[in-house]
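Here come two complexes built around chain A, the first alongside chain B, the second alongside chain C.
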Partner chain A sequence: MTITSLTFIVFAFATILAYYVVPKKYQWCVLLLANIVFYAYAGWKAACFVLFTATSIFFGALGMERVLAKQKALFAAQKETLTKEEKKAVKHKNQRRRRRIMLFVLLANVGILCVTKYTDFALAQVNSLLAALGGGEVRYELNLIVPLGISFYTFQSVGYLLDVYWEKISPQSNYLKFLLFVSFFPQMTQGPISEYGQLSRELFAEHPFSYKNYSYGMQRMLWGFAKKMLVADVLSVYVANVFANYERYTGITTLLGAFCYAVQIYADFSGYMDIMCGLCETLGIRLKENFDRPYFSRSIAEYWRRWHVSLGDWFKNYLYYPIGMSDWSRRLAKKTKRRFGAHIGNTLPATLALLVVWTATGLWHGASWAYIVWGLLNGVFIIVSMWMEPVYVKWKSKLGLHDESRAFRAFQILRTFTLVTFIKVLPEVGDLRRGLGLWKHIFTDHRLPTGVGQLLEFADTGKLWLILAAGGSLMMLLVSVLKSKYQVRDLFNQLPFAVRIILLSCGAVLVAAFGGMAMYLFGGGGFLYAGF
Partner chain B sequence: MDELLEILNDLNPDIDYQNEKNLIDGKCLDSLTILTLITEICDTFDISIGPKWMKNENFNSVEAMWKMIQTIQEEE
Partner chain C sequence: MRDSKKALLATGAFVLLFALLSGAFLMFSTPFTHNYDWHLREQLAGKLDFLIVGASHGQCALNSRELDALTGCNSYNLCYDAEGNYEKQYLLREELTRNQIKTVVLELSYDTMQAAGTTGFTDSNVFTVMRMNSLADRMAYWLGHVKLDNKLYVYAEMMYLGFFEWRHPQIPFDAEQAALKGGKMLPGQDQSLPDEALAATHHENWFTLASFREETVNGFTDLIQLCQAHGARVIVAVVPVSDQCLWRAENLDAFTEWANAYCAEQNVEFYDFNLLRERFALLSDEDCYSTDPMHMSEKGARIFTEAFARIIQAAADGQDVSSSFYQSYSEMQWDSPYMARFQAE
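Take a look at the complex of A and B:
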């Protein structure tokens, strides 16, 4: 079901209506039913994969809990007779049993993700290696279908499994409720990747109808549709032009195309989040926010705390901390600290954890060398700035630069946005070679455009669309600036009712008319992150 | 408690740890600082902090951290 289609709008309204019509204790059942309809549109093959994940993780978590419950019962029954050592031995034995269950279920699910997503890439590497060694060719590609949203729901479910294993949460004992958590349709194709503790509270609570939630949610949905259909879909035509033919354009025009891509991907991904968070808000459900004005970040590390927040949090909680807190990591910190000082001792374990995290982040985004290099580049920038921190402090002091000075902040924001843009385009141009070629072209083609016409040569859709995309981008910038100080929707809702109705109606007509036309002319509708 | 405050002040002396109750949710401590903090706590109090304890509420204030340290010491 395309999110920017009339079918989805009808589906969304039907879900909202049914949600508030049924008795409140059955509201979660309406959501489950809506999931089934959503999956019916996506194809039942995808549903089979989700069912496997939900079922295996549901029973795995219950299995681990049963081991723990038996242990508690044993300790309660033999409170007086068991010695401390005996209790320790029982705990150790049970922990090993729980670990076996966790690993079995984890490997089964991560295995499916790897097989469906990375088999062709892995086989291509084997073939390249065999060719390089002069051996025979193993030419076969499986071309497996990657199930809808597999990277998102697998990570969310694995997070739940690990949280139960680490005893952070108690497992859900109702299978249908758990199925709803795994397959909740608004976050199925592009996240956010939610934590069970937070999302379950929202999903299973009873939500009475609230006019504020409904109107705020609708406004946010409209804003999301505008971002996606008027900005992202139009810019996608320009970006495709530049990426396919950058050799034809001047270096400056190519750079402008790269910046257009940065705006496009933000409008596309955050537009989807606005639509889905808005839809959930109409139901009284708060989804985890995935964006916090990321292009106003002052460093790459900060950017990744503000862009795709839920993925960053997942990697932090389930990879970075477990690696960084492991026994060997602590031993390494201790040894290096004794020998080389506190800064190196503290930074080295974090560096190793970050290298693993960023390689995994690259692979999560796509099965190609371009994505691996993209991930590592992000990681290297973060690691280098971590190591260089004491040097930066000295430089800033010598040069008289103050972190809070406006000029320095503006410089840091512009520098980070430019860096992020360069890294972003690398895997998107086609392959690594073409990505690097685009970088080289920007720096080596010194031709100056003869005028605005040549500068915007790639914008071959006509002036109207260019003005619409530029206007939409400026609106996004304005809203982002306002968001730093105000709750923008609170500001909007302070306007007189009649003014709000007129503005919202104009917005809806604009999005429906031009967005619909853009979809017809340029074939938009798909979302970039749905491919991950 | 004093030892814990000393560790925190060594890591970032600009924070008012006595009054700040939102160290993690308020983004006062970044992930590198948290890793360093955990290593220091483990070494100083001779305990092991596993992923089980990695919840924001356990690190949001000095009191919460101190309570967590005591619970782990009792468990171990």
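Take a look at the complex of A and C:
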């Protein structure tokens, strides 16, 4: 089901209506039913993968819980007779059992993700290696389908499994409720990747109808549609032009195209989030926010705390911390601290953990060298900043720069945005070679555009669309700036009812008319992050 | 007020306003109209010399591309679904003014002269609004010509289209549509319709002289006079409907008699191609008509256009073409496969 279609809007309204009509204790059943309808549109093959993940993790978690329960029962029954050592031995044995269950289920699910997503890439690397060694090649034509949203729901489910393993949460004992958590349709294809503790509270609570939730949610959905259909879909044409033919354009024009991509991907991804978070808000459900004005970040590390927040949190909780807190990491920190001092002692283990996290982040986004390099580049920037922090502090003090001065902040924001844009475009141009070629072109083609026409040569869709995309982008910028000081949504809702309805209707007509036409003309509708 | 009532009120107000604005947007935005052929006509301005004017029967039956190839003319099919006389005049006047038109075919269906709401020939419809060139024309038409009771209906149609068809705006025609110049290609039905289906698509007793509307006849006369004022040859033509459909109508001979007399009075040529002698050999009910047996399929249009071109060229050359037609429906019915089957039953 295309999110930007009339079918989806009808589906959304039907879900909202049914959700508030049924008795509150069955509201979650309506959501489960909506999931089934949503999946029916995506095809049942994809649903089989979700069912496998949900079933294996559900029973895996219950298995781990049962081991714990048995242990508790044993300790309670033999409270007096068991010695401390015996208790320790039982605990150790049970912990190993639980780890075996966890690893088995984890590997099965991550295995499916890897097989469906990375087999082609892996075999291509094997073939390259064989060719380099003068050998034959592995013939393959697997044509595996990558199930809808597999990267997202696998991570969310694995997070749940690990939380149960670490005894942070108790497992869900109702299979259907767990199925709803894994397959909740608003977050299936592009996240956010939620933690069980937070999402289950929202999903299984009873939500009375609230006008505020309904109106705020609807407004947010409209804002999301506008971002996606008026900005992202139109800019996608310009970006495709630049990326496919950057050699034709001047360096400045190519740079502008790269900035357009940065705006496009933000409008596309955050637009989707606004649509889905808005829909959930109408149901009284708060989804985890995935964006916090990321292009106003002052460093790459901060940017990644504000862009695709749920993915960053996932990697932090389930990869970075486990590596950073592991025994060997602590030993390494101790040794290096003793030998090289506190800064290196603290930074080196974090560096190693970051390298693993960013390689994984690159691979999560796509099976190609370009994505791996993209991930590592992000990691390298963050690592270098971490290592250089004491030097920066000295420089800033010598130059008299204050972190809170407006000019310095603006410089940092602009620098981070530019860096992020350069890194972002690398895997999107086609392959690594072309990505690097685009960088080189920006820096080596010093031709100056003869006028606005040449500067915007890639914008071949006519002035109307250019004005729409530029106007939409400026609107997004304005809202982001206002958000730093005001609750923009509250401000809007303080307007008189009639004014609000008129503004929203005009906005809806603009989105429906021009957005619909943009889809017709430029073939939009798909979301960039759905491909990751 | 309870939250749910507030939500209903807000949603209702939003949807209503959205629909109203959608309709207005459609009226105001020329390049985004549903029925977008003014751009193509504008491109062809000054080059056309042959026009076909009428409603859906004419649009489906006469293929401009074929006609051009057969006769060497540069034709345009101005017909459109349920087009009324006002709309026909508007488009015709415009094309006569900006082109040197030599021939105009006025398509005449049996029910044209009794056009009323029930036949779908409302005096004004949404498609016409959208075929007009400028906002001023559209507003003038909607405010001035569309009758009061129809104003809201037309606007509602615009709201409907605005609401549901944003996704399908017919922005400049593709090459094939452009080459067709206004015509419409329908798929063939590939089989005879069962009688019940036929009855459902058929206007029972669709023709009676008594139900002719004077203002409609006068409007048609105005069309003829407009063409004559521009020195164009005027051909009034009835295009064929399927054999199985045709005989459900009664009084067809009376219609032909009236049409012959009317056209003679107006000093224009009249051909009822339903009476074409070759029709049963050329136009099979199975694949020359659409699923709606009143309108021709793409194949039927190709065959019929060839026969049509041959007849009107022969007539232009001064030949007597009357022998190509049956004299009456009474005469023709003995050759009709449908009537033969009907009589056998």
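We take it that the second predicted complex is superposed on the first by the 531 of 532 C-alpha atoms of A that agree within 3 Å, B and C clash if a C-alpha of one lies under 4 Å from a C-alpha of the other, contacts with A are read in each partner's own complex, and residues count from 1 in each chain.
Criterion: contacts are C-beta pairs under 8 Å (C-beta built on N, C-alpha and C of every residue); 3 or more make two chains touch, one makes a residue touch a chain.
Please read these numbers as outputs of a predicted model, since none were measured by experiment.
Under the clash rule set out above, the superposition-derived model of chain A with chain B and chain C shows the two partners fitting side by side. Of the two partner chains placed around the shared chain by superposition, chain C is the only one that A:Leu6 touches, whereas chain B remains out of contact. Look at A:Asn317: by the touch rule set out above, it reaches chain B but stays clear of chain C.
In the superposed pair of complexes, A:Ser505 makes contact with chain C only, with no contact to chain B. Here the vertex is the CA centre of chain A, and the angle it makes with the centres of chain B and chain C is 160 degrees, a multiple of 10.
With both structures placed on the common chain, the touch criterion links A:Arg330 to chain B but leaves chain C unconnected. Look at A:Phe497: by the touch rule set out above, it reaches chain C but stays clear of chain B. Judged by the touch definition given at the top, the superposed model places A:Glu167 against chain B, while chain C stays out of reach.
By the touch criterion defined above, A:Phe209 reaches chain C but does not reach chain B.
Residue contacts after overlaying the shared chain place A:Met517 against chain C, while chain B stays out of touching range.
Put simply, chain B and chain C get as close as 33 Å, counting only Cα atoms, in the superposed view. Residues 27, 30-32, 34-36, 38-39, 42-43, 48-52, 54-55 of chain B touch chain A in their complex. Residues of chain C that touch chain A in their complex: 3-4, 6-7, 10, 13-14, 17-18, 21-22, 25, 29, 32, 162, 164, 166-169, 171. Residues 6, 20, 209-212, 214-215, 497, 501-502, 504-506, 508-509, 512-513, 516-517, 519-521 of chain A are the ones touching chain C in the complex.
Of all the residues in chain A, the ones that touch chain B in their complex are 162, 166-168, 301, 305, 316-317, 320-322, 324-325, 327, 330, 333-334, 346-347, 349-350, 353, 386.
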